[in-house]
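What follows is chain A paired twice: with chain B in the first complex and chain C in the second.
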Partner chain A sequence: MTTTTPSIEERAGADGERSTISLVLRELRKAPLTAWFGMLVIFAYLFVALFAHWVAPYGESQVFDTPYANWAYIPHWSWLGPIPYWVTFEPTGSEFLLGTDQLGRDMLTRLIYGARNTIGIAVATTLLSFAIGGGLGILAAVRGGWFDQILSRAVDVLMAIPSLIFALMLLSIFGSSVLNLIIIIAILDSTRVFRLSRAVAMNVVVMDFVEAARLRGERLAWIMRREILPNVLPPLVAEFGLRFCFVFLTISALSFLGVGIQPPTADWGSMVRENATLITYGNVTPLLPAGAIALLTVAVNFVVDWFLHKTSGLRDEH
Partner chain B sequence: MSTSMNGKAASATGAAEDVLLDIRGLRIEGQSDDVWSQIVKGVDVKLVRGRVLGLIGESGAGKSTIGLAAMGFARPGCRITGGEIYFEGTDIRKLSQSEQIRLRGRRIAYVAQSAAAAFNPAHRLIDQVVEASLAHGLMTREEAVARAIELFGRLGLPDPENIGNRYPHQVSGGQLQRIMTAMALAPRPSLVVFDEPTTALDVTTQIDVLVAIKNAIHAEGASALYITHDLAVVAQIADEIMVLRHGRMVELGATDDIISRPKEEYTRDLVGIRQIHKTEGNGLAREPLLFVDGVTAAYGNALTVLHDVTVFLPQAQTLAIVGESGSGKSTMARVITGLLPPRKGVIRFQGQNLPPRLADRSKEQLRVLQMIYQMPDVAINPRQKVREIIGRPLDFYFGLSGRERDARVSELLEQIELGRKFLDRYPAELSGGQKQRVCIARALAAEPRLIICDEPTSALDPLVADGILKLLLRLQAETKVSYLFITHDIATVRAIADSVCVLYRGKVVRFGPKAEVLAPPFDDYTDLLLKSVPEMQVGWLEDVLKTRRMESAGN
Partner chain C sequence: MHPILRTVVQRLALALVTLFVVSIIIFSAVEMLPGDFAKAILGQSATPETVKAFQHEIGLDRPPIERYVDWITNAVQGDFGSSYAARAGYKRTVAGIIEPRLWNTLFLAGVTALVAVPLALFLGITAALYRNSLYDRTVNALTLTTISFPEFFVAYMLMLFLAVKYPIFYSLANVSADTPLLERISRIALPVMTLTLVIVAHMMRMTRAALINLLASPYIEMARLKGIPNREVILKHALPNAWAPIVNVIAFNLAYLVVGVVVVEVVFVYPGIGQLMVDSVTSRDIPVVQACALIFAGTYIMLNLTADIIAIVTNPRILHPR
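Entry: the complex of A and B
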C-alpha cells in the first residue's frame, strides 16, 4: 500500500523531460543557511587558491626586515596595565595587513599561497584515495569470494595501525616530497573509502538489475561503472567531503610535525608550527592559519551535512 | 454517490442494529516531497457489531490508511484532516491521546501483514501474546495465559499448550500469522482490523490461516475490518464488501451482490479478472526449444534443491512451473540461465548443449535467453532512463546507436503500450505496472527465443497483473517467443500456459500438457495446490475443506 501512485501519475502526466540544472537550482533554493555559508566559504577559498598570484600582495617567500609584526593588539595585563609586547608592533591597516611571521614574511601572502598548496594537495590526495578505495571496494563487492576476503583482510591490517604514526614512518623512509606525501596519505586513507564503498555496493550488487546485466553478458568494468557506481555515488560524494577534511587535517598535522610540506613552501600546518611560540607572548599570528583550517573544515562539514540529508535515501531523488 | 450507497447499505442491514464503528466523511492527507495531498477523500464506513466488512482496492486506494484511522491512528507522514470516527458511540478523534491509547489493543486490535516484522524476535511468543491484556490490567497473568492457550487451540495451532514457549523464528509463517491473530483477540476486543493478513503467505498456507481467522472471529463474536487487494479472498470471509479506489468509495454491498451482481464498472473489472483463457498448443511432440535433462542442483554441499528434473518446452509455447516457495522454481531459472551450474544433467537449447556456466556462454547464447523478474522495482537501474534501459541490449547485441537505436526503442515502447513519451523517464516516475512493461521491453529488445518469467505478476495489483498477462500473450503471438513461466498461482497458469510442471520439494510431481495436468485424477499435492487458489465464489472455502486430501506444510 503506497500513497505515492497518484502523484507519480500526475507528475508523469505533466512532462517527461526535465533538466538537471533546474532541479539543482530548486534544491539550492531550499538549502539551509548553514549550507549556503559553507558553500560561500568554500568558493572563497577556491577563488583565492586558484588566483593566488593576483590576489596575494607579495611573493610567496618574500622576506621583509620586520619579523614578528603583530596585526592585533592583545592586552597583556601587568603591573603597569595593558602594554604592547613587541616593539616592532605595526598597527592594523599598514603595509602588512595581517602582520609578518618569524622571518618577516607577509602573513596574508603566506596564507593565500598556503590555501593553494594545502587545499591543492588535499584535493589531489582525496581524489587518489577515492580512486583506489572506491574502485577496489566496488570490485570486491562485485567479485566477492576469495578476492573480497583477501582484500578486506589486507585493509583490516592496514587500519589496525594508527595512520598518523604509519604515515610518519613511511615518510621518514621514503623522504617527504609532495608526491610521496600524496601517495602515502592517499593509500592509508583509501582503506576507509574501501570499507564504505564495499558496504554500499554490496547492497546494490544483490539487485536484480545487476543480475540482468550479468545475464546479458556485460563485462565487469561496465557493470561497475554503469550499474553500480551511479547508485553508490551519493554516499560516496558525502564521504568525499568528510575525507577531504581529515586528509587536510592529516597534512596539516604532518607539516606541523615537520615531515609534511617542506619550507619555504607556504602551508598552513607548518605556519602554525613555525610561529607557535609567539602565542606565549600574546601574539595571535599562529592562530591565523589555524583559524583558516578550522573555518574550511566547518564549511565543508556544513555542506556535507546538507548533502547527506538530501541523499540519505533514493526516495528523495526523483 | 457515496451517501446514496451508504443509505442503501444502512437500510439493508436495518437501522435498529447495533452500529459498532461509524466513520463519516473521513479525509486523510499524506505528505510526499513536502506537499500534503489528500489520499482519503471523504469515505463513510459503517460496521455493525458481529459482522465482517471487507475493504478492497489496489495500492494507493487508501484501504490501509482507513483501517488505521478506525483506531484513530495516522501513520507518520499522514494526518486525519476531516470527518468523525464513532466507535461504540464516541468520536475517537475528540478523545485525548491517553484515552485513545486505552482503546487501542483493548477495544480495537490490529493484525499486520508481516507477522515476522510485528513480533520481537528476542521474546517468547506467549509473553508477547499476553502483553496487551496485562498492560491494560484486564487479566492476571494466569488468566491471560489460559486465554492465549484457548485461542491457540481455536486457531488450529499444533500443541497449543506449549507453542507459546517458542520464539518467533521457531514457528512457520502461517503459524506466526495465526499467533498474531491470537494476540489481537486476547483482550477480547470488539473490533479487529486485519491488514492483508494472508498476502505474504504461500497459497497453500493462506487458506488454512483464512479458515482459522474466520472461525476465531465467529467464535469470539468480534467484528472485523478485513483489508486486502484480493477479491476472492475477501469473498470467503466478509459479510459486506466496500470497493475503494483513489481514496474514494466505488461500491458497497453484501458480499454476494458484489461478487455476482457488481454495479460499477471498476468492480466488474475486479470480478472479471482471471478469466483470460489460452487455448493450448499441441506441441509437446515437436522438437523442443528448451530441454532440461535430468538436472540436479544444489547450493553448497549440503542443500540439494532440485532432484533429477526433466522438462521441455517447444517453440512459441509457454511452460508454467508451479509450486510453493522453497519448491525450487527460482533455482530452476538460475540453472537454465547459468547462474547456478547444475550438479548433474544438461540444458539443451535448440538442440545444442548450453555450457553450464554463464561465463562460458557465447553472446548469441545469452541473447536468445532473456529474463523478467518478480520485483520490477529492483530489476531496473533507478539511475538510468528508460531510453538507456531498453537501449542497452540493442547496443550490446546488435551494435545499434544514436538515432537508429532511439527509433527501435520507441518501437518497443509502442509494442508494450507505453509510447515514446516515456523515453526520458526515470524508473521512479513509473508505476509498478509500467516498470514491469519496461522490463519486458528490455527482454524483447534482445529478440530472444525464450523468456524466463519469474513470477512477473505476483508483486502487482490484480488489474495491472491482468494487463501484463494479456501483453505477454499478445507478444507471444506476434514474435513466436517461448515463455518459461514461474508462478505459484494456478489461475495464472490456466490463463497463459500450454504445458505445466508441478514442483514439490525439488521434484517434478506432474508434467504434461495443461489439460492433462489440471484434470483429475490428481496426486495429493496437485490436488492441494489446485484447491488452495481462492475462487470468486461465496462458500468456496467450506467446500474445499470438505474435499481436500492433504494438509498444507504449515501444519
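Entry: the complex of A and C
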C-alpha cells in the first residue's frame, strides 16, 4: 500500500500513524474495481468462517431423514468400472436452501462450516510455512557460509520434486490427518518462502546499519528481528497472498483426491469429491464448493495483483 | 563453443546429482514407515509369522544401503519390484501395472502440449502486439481468472456444459489398450481442454511479459524510430531475442503439466499414472507410490534441465563471450 517501511512509521510516532491511515484510505479510494471486489469477497468469507456457528442453519454433520424417500440409484465410476450405490439426495428447496448431500446433510451448512475448516487449515499452513521459510531464509542470509550453502542446496533438491507428488508420497507414509497435512504442506511450501526471503534479506544484510548493529554486539536474534525483518516485510506480505492461494489450492486438490482432510469434517475439496457423481445428472451441487474455492482464489489474486502494482511500482504499461 | 559445453556439462551433472538425492529421499520413504505398517497391509488377522515373512520379503531385515543399491539398479532397468496389493493370490509387478498407464499419460500430455503451446504463443504474441487494447485486457482478465481456478472446478464446469447439458463430448475418458486412435482422441477431448485452459493461461502471460520486457529495450525504440511497422518490430526484432525466455516458459509449463494430470485423470477417470498414484496412496501400496514418484520427479527434473540448456545455448551473451 505505502512505500514507507514499518520501521520508519514506528519512529514517526502518533502523527505518522495518522498520516499512514489517511494514506491507506487514499490508496483504497483509488483502488481498481477488481481489488475492491477481491477485498469484499475476502471479508465476506472471513465473516462466514469466523461466525459459522451463528450463520449456519443446522449442525456441521447433522443428518436428516428424507420423509418422502428421495432415493436414487447412482452408478459411481471408479477405475474398476461402475460401482452402484444408493444415495439420498434432497433437491434444492425452502427447507434445505441448496439441497442435501449424499448422506442427507444440509449442503449450505456444510459449505459454511467448510469455509471455517478449509480457510483455517490453509491459513495455519501458510503461517507455519512463513515461520519456517522466512526464519531460515533470513538466518541463511545473516549467517552465510556453509550454513547458507547447505540450506540452499537442500531447498534446491526439495524443489526438484513437484510438491503435489511429494505431498502424495509423504501422506501415503504418515497417513492423512489434518496435523500431518499442515506440517507436510508447510515444509514443502516453505522452500519457496525461503528462496524469496533469503534473496531479499541478502540485499539488506550488506547495509551499514546491520554492520553497525553487529559491531555494537547485538545478538543474532535481535539483528534478525529489529534490523532485517522490517526491511524485508513488504515483499513477504505480497508473497503471503500468493502462497496462501497455492497452499489453499494444494490442500483442496489433495482433499479432492481423497488423501487430504478426511470426513466427517466439512471441507470444500472433499465435498466436491463426495458429490461428483451428481454432475452426470446435470446437477450443480458439486460445483458449489468448487466455485467457493475458485471465487476465493480469484479474489485473493486480484488483491495481490493490485498490491504488487502499488509496492513494486512496476507497471508493464510502459 | 568451449564455455557453452562446459556450462551444459555442469548443468547435466547438477541434474544427475539432484536426481540421485531425490531417489534417496523417495527410497527412504520405506524407512519412515511406522512400525505397525505390515499389519495395516496384511490386515488385522495377520499372525506374527506372516508379518515377519512380509518384512523379510520387502527386505526390512537387510541394511538400508544394500537395499537402496538393489532398488536403484533394478529401477534403472525398469524393474520396480512387486506391488503390495493382491498379495493373497498372484503377484503383480509394479512395472507391469505402470507401463500401459504411463503411455496413456504421455499420450494425454503430448496431445495437450500440441494444442496448448501454439495457442499460448499466438495469444501471448498478439496480446503484446495489441497491448492495452480491449483484446489484451480481455485475454488478461480471462487468464488471471483461469489461473486462480482449481483444476477440478474447470474440469467439472466443462463436463457440465459440454458433456451433460450439451452432449458434444464424452464425459468420462475411460480408454482401454485396444481403443482405436480416433476414438481415443475424441474421448480425451475434455481432459485436454481442461489442461489446456490451465497451462495456456500461464504460458500466455509469461510470453506476453517476456515480449513486453524486450520491447522496452533501446534497440526496439531505434527500430520504431526508423519507421518500421509495429508488426514487423515484434516479429523480426523482438521475437528472435525472446525465444530463450519463451522456450523456458514452455518447458516450465510442460513440467507443470506433470502435476496437473493427476487431478484431471481422477476427474475424468482416465487410466493414467496420476490416477494410479492416488489409488496407491489410498491403499498405501508403497512400491507403486515410489515408482510413480520417481517417474514424476525424473520427468520434472529432465524438463527443467532441457529448459536450462536451451536457455544457455540460445543466450547470445554466452554464445559470444568477450
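The working rule: the second predicted complex is superposed on the first by the 264 of 318 C-alpha atoms of A that agree within 3 Å, B and C clash if a C-alpha of one lies under 4 Å from a C-alpha of the other, contacts with A are read in each partner's own complex, and residues count from 1 in each chain.
Just so we're on the same page, a residue touches a chain if its C-beta (ideal position, glycine included) is under 8 Å from a C-beta of that chain, and two chains touch if they have at least 3 such contacts.
Here the structure is a predicted model, which is why all the values come from computation and not from measurement.
Asks: Contact-wise, after the overlay, does A:Ser252 reach chain B, chain C, both or neither (first, second, both, neither)?
Replies: So A:Ser252 only meets chain C here.
Asks: Under the stated touch criterion, which partner chain does A:Phe174 make contact with: chain B (first), chain C (second), both, or neither?
Replies: So A:Phe174 only meets chain C here.
Asks: Is it chain B or chain C that touches the larger share of residues in chain A?
Replies: Counting residues of chain A touched by each partner, the higher count goes to C.
Asks: Touch test for A:Ala290: chain B only (first), chain C only (second), both, or neither?
Replies: second
Asks: Which partner chains sit in contact with A:Pro162 here, chain B, chain C, both or neither? Use first/second/both/neither.
Replies: So A:Pro162 only meets chain C here.
Asks: So in the superposed three-chain picture, is A:Phe209 touching just chain B, just chain C, both, or none of them (first/second/both/neither)?
Replies: After superposing on A, A:Phe209 lies in contact with chain B but is clear of chain C.
Asks: Where on chain A do the contacts with chain B and the contacts with chain C coincide?
Replies: 317-318
Asks: Could you please specify the touching residues of chain A with respect to chain B in the complex?
Replies: Per the touch definition, chain A meets chain B at residues 1-9, 11-12, 16-17, 207-209, 211-212, 214-218, 226-227, 230-231, 314-315, 317-318.
Asks: Could you pull out which chain A residues touch chain C in their complex?
Replies: So the residues of chain A touching chain C come out as 34, 77-79, 156-157, 160-166, 168-175, 245, 249, 252-253, 256-259, 272, 276, 279-282, 284, 286-287, 290-291, 293-294, 297-298, 300-302, 305, 316-318.
Asks: Under the stated contact criterion, what part of chain C meets chain A in this complex?
Replies: Residues 18-19, 21-22, 25-26, 29, 32-34, 131-132, 141, 144-145, 147-153, 156-157, 159-160, 164-165, 171-172, 174, 209, 212, 216, 255, 258-259, 262-263, 266-267, 269, 271, 275, 277-282, 284, 286, 289-290, 292-293, 296-297, 300-301, 304 of chain C touch chain A in their complex.
Asks: Which residues of chain B touch chain A once you look at their complex with the stated criterion?
Replies: Residue positions touching the partner: 30, 32-33, 37, 39, 59-65, 78, 196, 246, 337-339, 358, 361, 363, 366, 369-371, 373, 375, 378-384, 392-393, 396, 421-426, 428-431, 442, 446.
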